[in-house]
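Shared between the two complexes below is chain A, which pairs with chain B and chain C, respectively.
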Partner chain A sequence: MLRPFELCEPASVAEASELLLRHGEAARIYAGGTELILAMKEGLIHYDYLVNVKTVPGLAGVRLDADGSLRIGAATPHRVLERDPSVSERFPAIARMEADVANVRVREVGTLGGNLCFAEPHADPGALLQVFDATVRLERKGGARTIPLERLFVGPFETCLEGDELLTEIVVPPLAPRSAAVYLKFGFLERPSVGVGVAVTLADGHVADARIAVGSVGPVPRRMRDAEARLQDRPVADSEAALAEAGRIAARASDAITDLHGSAEYKEHLVGVLLRRAFQAALAAVAGSERR
Partner chain B sequence: MSVGRAATRVDTPAKATGRARFISDVVVPGMVHAKLWRSPVPHARILRVDPARAARAEGVLAVLTAADLPVKDLYYGPAFKDQPMLADGVIRYAGEPVVAVVAETAAQAEAALALVAVEWEELPTVATLDAALAPGAPVLHARLVPAAHFRDLTALRPIPSTNVCHHWSYARGDVDRGFAEADLVVEQTFTFPMVHHYSLEPHCAIARVDGHGITVWASTQHPFPVRKELAEIFGLPLARVQVIVPYLGGAYGNKSYTKIEPLTIALALRVKRPVRLALTVEEAFKTVRRAAVRYRLKTGVRRDGTLVARDCEIHYQLGAYADVGPRVVQKSAYTAAGPYRIPHLRINAYGVYTNTVVSVAFRGYGVPQLAWAYESQMDVIAERLGWDPLALRLLNVLKRGEPLMEGDLPIDCDFAEGLGKAAAQIGWNEPTAAPRRGKGIACTIKAPLAPSVSSAMVRMHADGSATLLTGTVECGQGARTALSQIVAEELALPLDRVRVARSEVGMSPYDQATSASRSTTLMGLAVLRAARDVRDQLLTIGARLLESERPALTLRDERIVSPRGERTYGEAVAAHFGTGGELIGRGTYRGERGHAPLGGEAPFWEVGMAAAEVEVDGDTGRVRILRYVSVADIGRAINPRECEAQEEGAAMMGIGHTLFEQMIYDGGQLLNPSLIDYRVPVMSDLPEEYRSILVENGDGPGPYGAKGIGESGLIPTAPAVANAIARAIGVRITDLPMTPERVWRASDRARRRAAPAEGPST
Partner chain C sequence: MNAIPMSVTVNGEAHALTVPPHETLIECLRDRLGLLGVKKSCDVQVCGACTVLVDDRPVSACTVLAFEARGKHVRTIEGLAHGDDLHPVQEAFVEHGALQCGFCTPGMIMATVALLAENPSPTADEVKHYMRGNICRCTGYKRIVEAILAASERLATGPRTTDGG
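So, the complex of A and B:
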């Protein structure tokens, strides 16, 4: 049962940060509330002050930079990302991933920032955004830093955010020409059990760049650089064996655990399956875009 | 014509606009709120409860343990009086209520729960069938007191000094000789896990005690049996116990028989205020579930395909208390061998206590668990004999008029017709369009509740409109609509001139239960008779008014019509009484006691047939149901759309336990009592193509030849899908649910067996 709390509505990021500083452990940022309020209702956590970031001007919204980077305000709901034309044209993999997050009610109010900051291991965006080398901007009163998304995640339900720090923006650089990204997930409970993001760049029949990230399986979503190395600079035509090898490496590196979603063994197997399928789909996507 | 029409449900406007009253809308002046402290451990002796700190918390009126409840008998239950309202010295499952806190607000009661101090000493836990049946296992109930409420539950056979609270057995022919005569004997063990009903509305009760007696607003499918039990517990005449049932937000058996009503009343007695106890979804998970089953099934068959012998050994994993489990055991075991002709048959069924959530009635009443085994095994037999599974069924399935059980109703439908329709719809003989696809079929039977009783009253008012008084509970199944249609049909009234009064035991005539797919058929008969009673009275009055012979009169468009003129009903009622007044019709259905092995005679058999086509992703194990066909033999559809809705809903529920649902225990701890971790079917799990076929031969005992419907749709689902999976990828799965990991593991094992030289595949 939800216990009473005070809802604060700051007018700026600085004011929000100040509120966090003032109330310390008793305060928490509140975006869509789809995680926070649920956990509070269950009595798992309680905060006396919820600091609403949805009303802070400039924190919600999507825009494209001159260099083609996608800048996403932390308080942007999933539903906006799912339907924004610039996202679906320039970053179709992100639009598709977003369209498949949770259900429409959660997507309508749940935000990308909330998803990343909650750091629930069973989630999608954290894995896919890493193959774009996305960065996140963290702000507090009187300071800001930008770090690779990868470094935001410290452990299950744990980020590197300081107590008075907010996530304000997610920046997604565009992929090189002749590239495509694909995200595939698998699961049968409410949340994903395994998610694999792949981005490939092709040049002269070779894989010029391969990026792989795995999420949901282990404690945090991670880039799989050893697995990427297996595919790097390979002729596309004979990537099959390397792909199986990359799958095995990624599976081992994924720190799979056994839980209600399935056994570690099964999840490792699925990492291999999804990696192969995602990679092949990405190759097909590059080929497809070149035919057009 | 009202019957046979897809009339819009009479409760649709109220439900669509939010005006329908559910129990959560009921506010009783002065009511206060209860919350329960539930045991974190599965089996323990309670050493001490310290209520002091909680009692001092803001708003708290009382903190009560079993010893504090002002009741004649702390224990209740439809089979045995084995379940205490609050744990009585011993905790028997994790989640069992131990202490009740009553406070001015629900939030205050909940806050005070954290201040309740309980000390206990843990006892060894028996959370599985194996543990509960092991020699020397701790016995959960040393002494069992039969409840003696129901005739069929008076002859229960507990095995003394064990956890078996009921052993039901049956035999005919000579099973050993049968196996000796068989050319092929197949023996397998199938399991079906614990499953939660998950109705949108969890259990809730509001109790008020005053000079008139007890009034309880309850979420129950059994207002009359609940009243009886409450009258006993609180030592009151039946007439002083009022049970009021608003619309139920889903039931599926989880609201059958007595649940939280006695405790809520006891609390109200103590605090001398009306008390509301509303469970959360998580608490509902810790209150009710379906019995898990392990079924060892051995079948002997001749080379020519005829079944000769079956030996059925079934263990039902009941929970910490029996609830209606013993009846689930015997009713379902009764049809454990399926709708087949089997000369030599032996059935041994055991209900076993374990330190887990209480298993109660659940749509299908144990039969889905058993059909899962026997219909899976039919396909295994077909495969071993090289037979087509449909042909094997057609050869062995009972024909109309053949006996299923001696002394009981002979088979009252044509299985061949239904199976033929299912097969035609799924394209049984056409090849699948792609690899890794397969089709499966299943054919099942369920015995109804017998004997049973229902009464109804129809009041025709001075303006010719009518009110139906029925104890049937509307739990979303559309009962009010179907029963109204019967009244409208008999009295030539438009549907909107018929109203169903809310269900209150003090006003409605007796009804045994809203369960067992019986309401439209058996309550329907009572309603039909009550309406005909009114009709009769109208005709008598009409004959006098119109100076006609009765046979010359008919009812049409709210009028009594004769060749010599006509009168509206209103005119007839007014003429009869002078001024106001109303005609009152009465109707009763009373089932036959009969001489069948379980007593009672089935008024009809509920049969369910299904065919499914699936596609299996061999790499992930994901099963996609491409097409699903459900066939119900229902005699006559009073409302075809509602019948289809029952079939669709049931099939969807069946898909849940087939592919996803299971309550997962670690030791005695339930790990997934929430919808995040317990997977119910959702819209995206719908089969790509779904068809339900209603077979209407007018051969049922109900109004206009109707038979019961509502449960049949989920009984054949699991085996139909498993059989389709087996034909798609050559892998037989014997444990539910068929999760992707399970399917992957089974197919991976099969792959390894087929090609042992190959390394692991990815």
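So, the complex of A and C:
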């Protein structure tokens, strides 16, 4: 049973921020509520005030910028990202990842901003969006900052958001020409045990850019820059050995945790397997788009 | 605690209600409106027994708050049949024996109605993907998938041109 709370419906980000400041620890942002209400029903947490961000104008929706960046309002539900034509045409890996988050009911209601701000380690978007070098816009009354998504995650269920700050927008820059991104995950419970995102850019038969991010395995989703360096500038035809090495490095760097979703060893193994498959699928996707 | 006045249409009928913010949609539908076809099982958005449609979108009534339905149309299993005249999805479930204990069935059927409104001719794989969050402990799913595919054909060719609502 839920304990009673007060619902606040601010008309602007500034007003929402002011409510958070005024009520301090007693208040929390409420978006889809798919995480928050569950935790409150369980009695794990309680807030006297929930601040609804869905009624703040302009916080939900997706649009493409003139430079090709995807701008996603924090209160945009997963289902919108799964089905929006500009996402599936320009950022197919994101649309596919979104279509496999949770189940359709959670995707209809749960938002991307809520997913990122909850910072549950077993989640998908935080890993994939990092290979796009996504940034997030954090706003409070009288100020705003934009930081790399990578820096939002501080630990399990912990972000760098200040008490009166809201996540308002996620900005995803387009990949360079001759690039593709792929996200693969594996799990046997509701949420993923392991998720690996890869983006590759090709030039003259070489890997001009390789980006790798691993999620769900350790406390926070992370870019794997040492592993990326193994693949950088390699001839595509001769990437097999480098790929295995990159897999080992990423597995070690992922800070795998033993939990209900599997042992650390098991997850490290899966990081290598999914990294190889994702990389090869990304190469095939670039080749495929050039044949068309 | 603030009370929230709201108007909501449930199965075609308009209601003016006042709900506290912490009232869940399932409490509102079952306890206030007596719609006992809405089932609660897992209570954590995993099983789908509580699936109802809010403006045609499937949601977990166990966790969505009631006030979120303000100004919207809610449909439950009770809103599908016209008297003894079953909805084509209900008919398909009966004909294909797609239920045993029946506890998951209202949610299965509501999710199917949402799926077919969005994708009138799904493949078996699309059906399985969409229905992933609706769990049945009895049937083993085979007959459920068959019933959904049959319902899709029935809706495409049958006498009713709408989804029955």
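Rule of thumb we're sticking to: the second predicted complex is superposed on the first by the 292 of 292 C-alpha atoms of A that agree within 3 Å, B and C clash if a C-alpha of one lies under 4 Å from a C-alpha of the other, contacts with A are read in each partner's own complex, and residues count from 1 in each chain.
Rule of thumb we're sticking to: a residue touches a chain if its C-beta (ideal position, glycine included) is under 8 Å from a C-beta of that chain, and two chains touch if they have at least 3 such contacts.
These numbers were taken from a predicted model, which means no experiment stands behind them.
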With both complexes superposed on chain A, which partner does A:G247 reach: first (chain B), second (chain C), both or neither? first
Could you say whether A:R90 touches chain B, chain C, both of them, or neither, answering first, second, both or neither? neither
For A:L7, decide between first (touching chain B), second (touching chain C), both and neither. second
Of the partners chain B and chain C, which touch A:G33 in the superposed model: first, second, both, neither? second
Just to be sure I read the superposition right, which of the two partners does A:V273 touch: chain B = first, chain C = second, or both, or neither? first
Could you look at A:F188 and tell me whether it touches chain B, chain C, both or neither (first, second, both, neither)? first
Applying the document's definition of touch, where does A:S263 land relative to chain B and chain C: first, second, both, or neither? first
Where on chain A do the contacts from chain B and from chain C line up? 3, 190
Residue set of chain C touching chain A in the complex reads 1-2, 4, 20-24, 43-46, 48, 51, 57-60, 63-65, 67, 111, 114, 129-130, 132-134
Of all residues in chain A, which touch chain C in the complex? 2-7, 33-34, 37-38, 41, 50, 79, 99, 102-106, 108-109, 190
Over in the complex, which chain A residues touch chain B? Could you list them? 1, 3, 186, 188-191, 244, 247-248, 260, 262-263, 266, 269-270, 272-273, 276
Contacts from chain B onto chain A in the complex sit at residues 106-107, 110-111, 619-620, 622, 659-660, 664, 671-672, 675-677, 679, 739-741, 744-745, 762
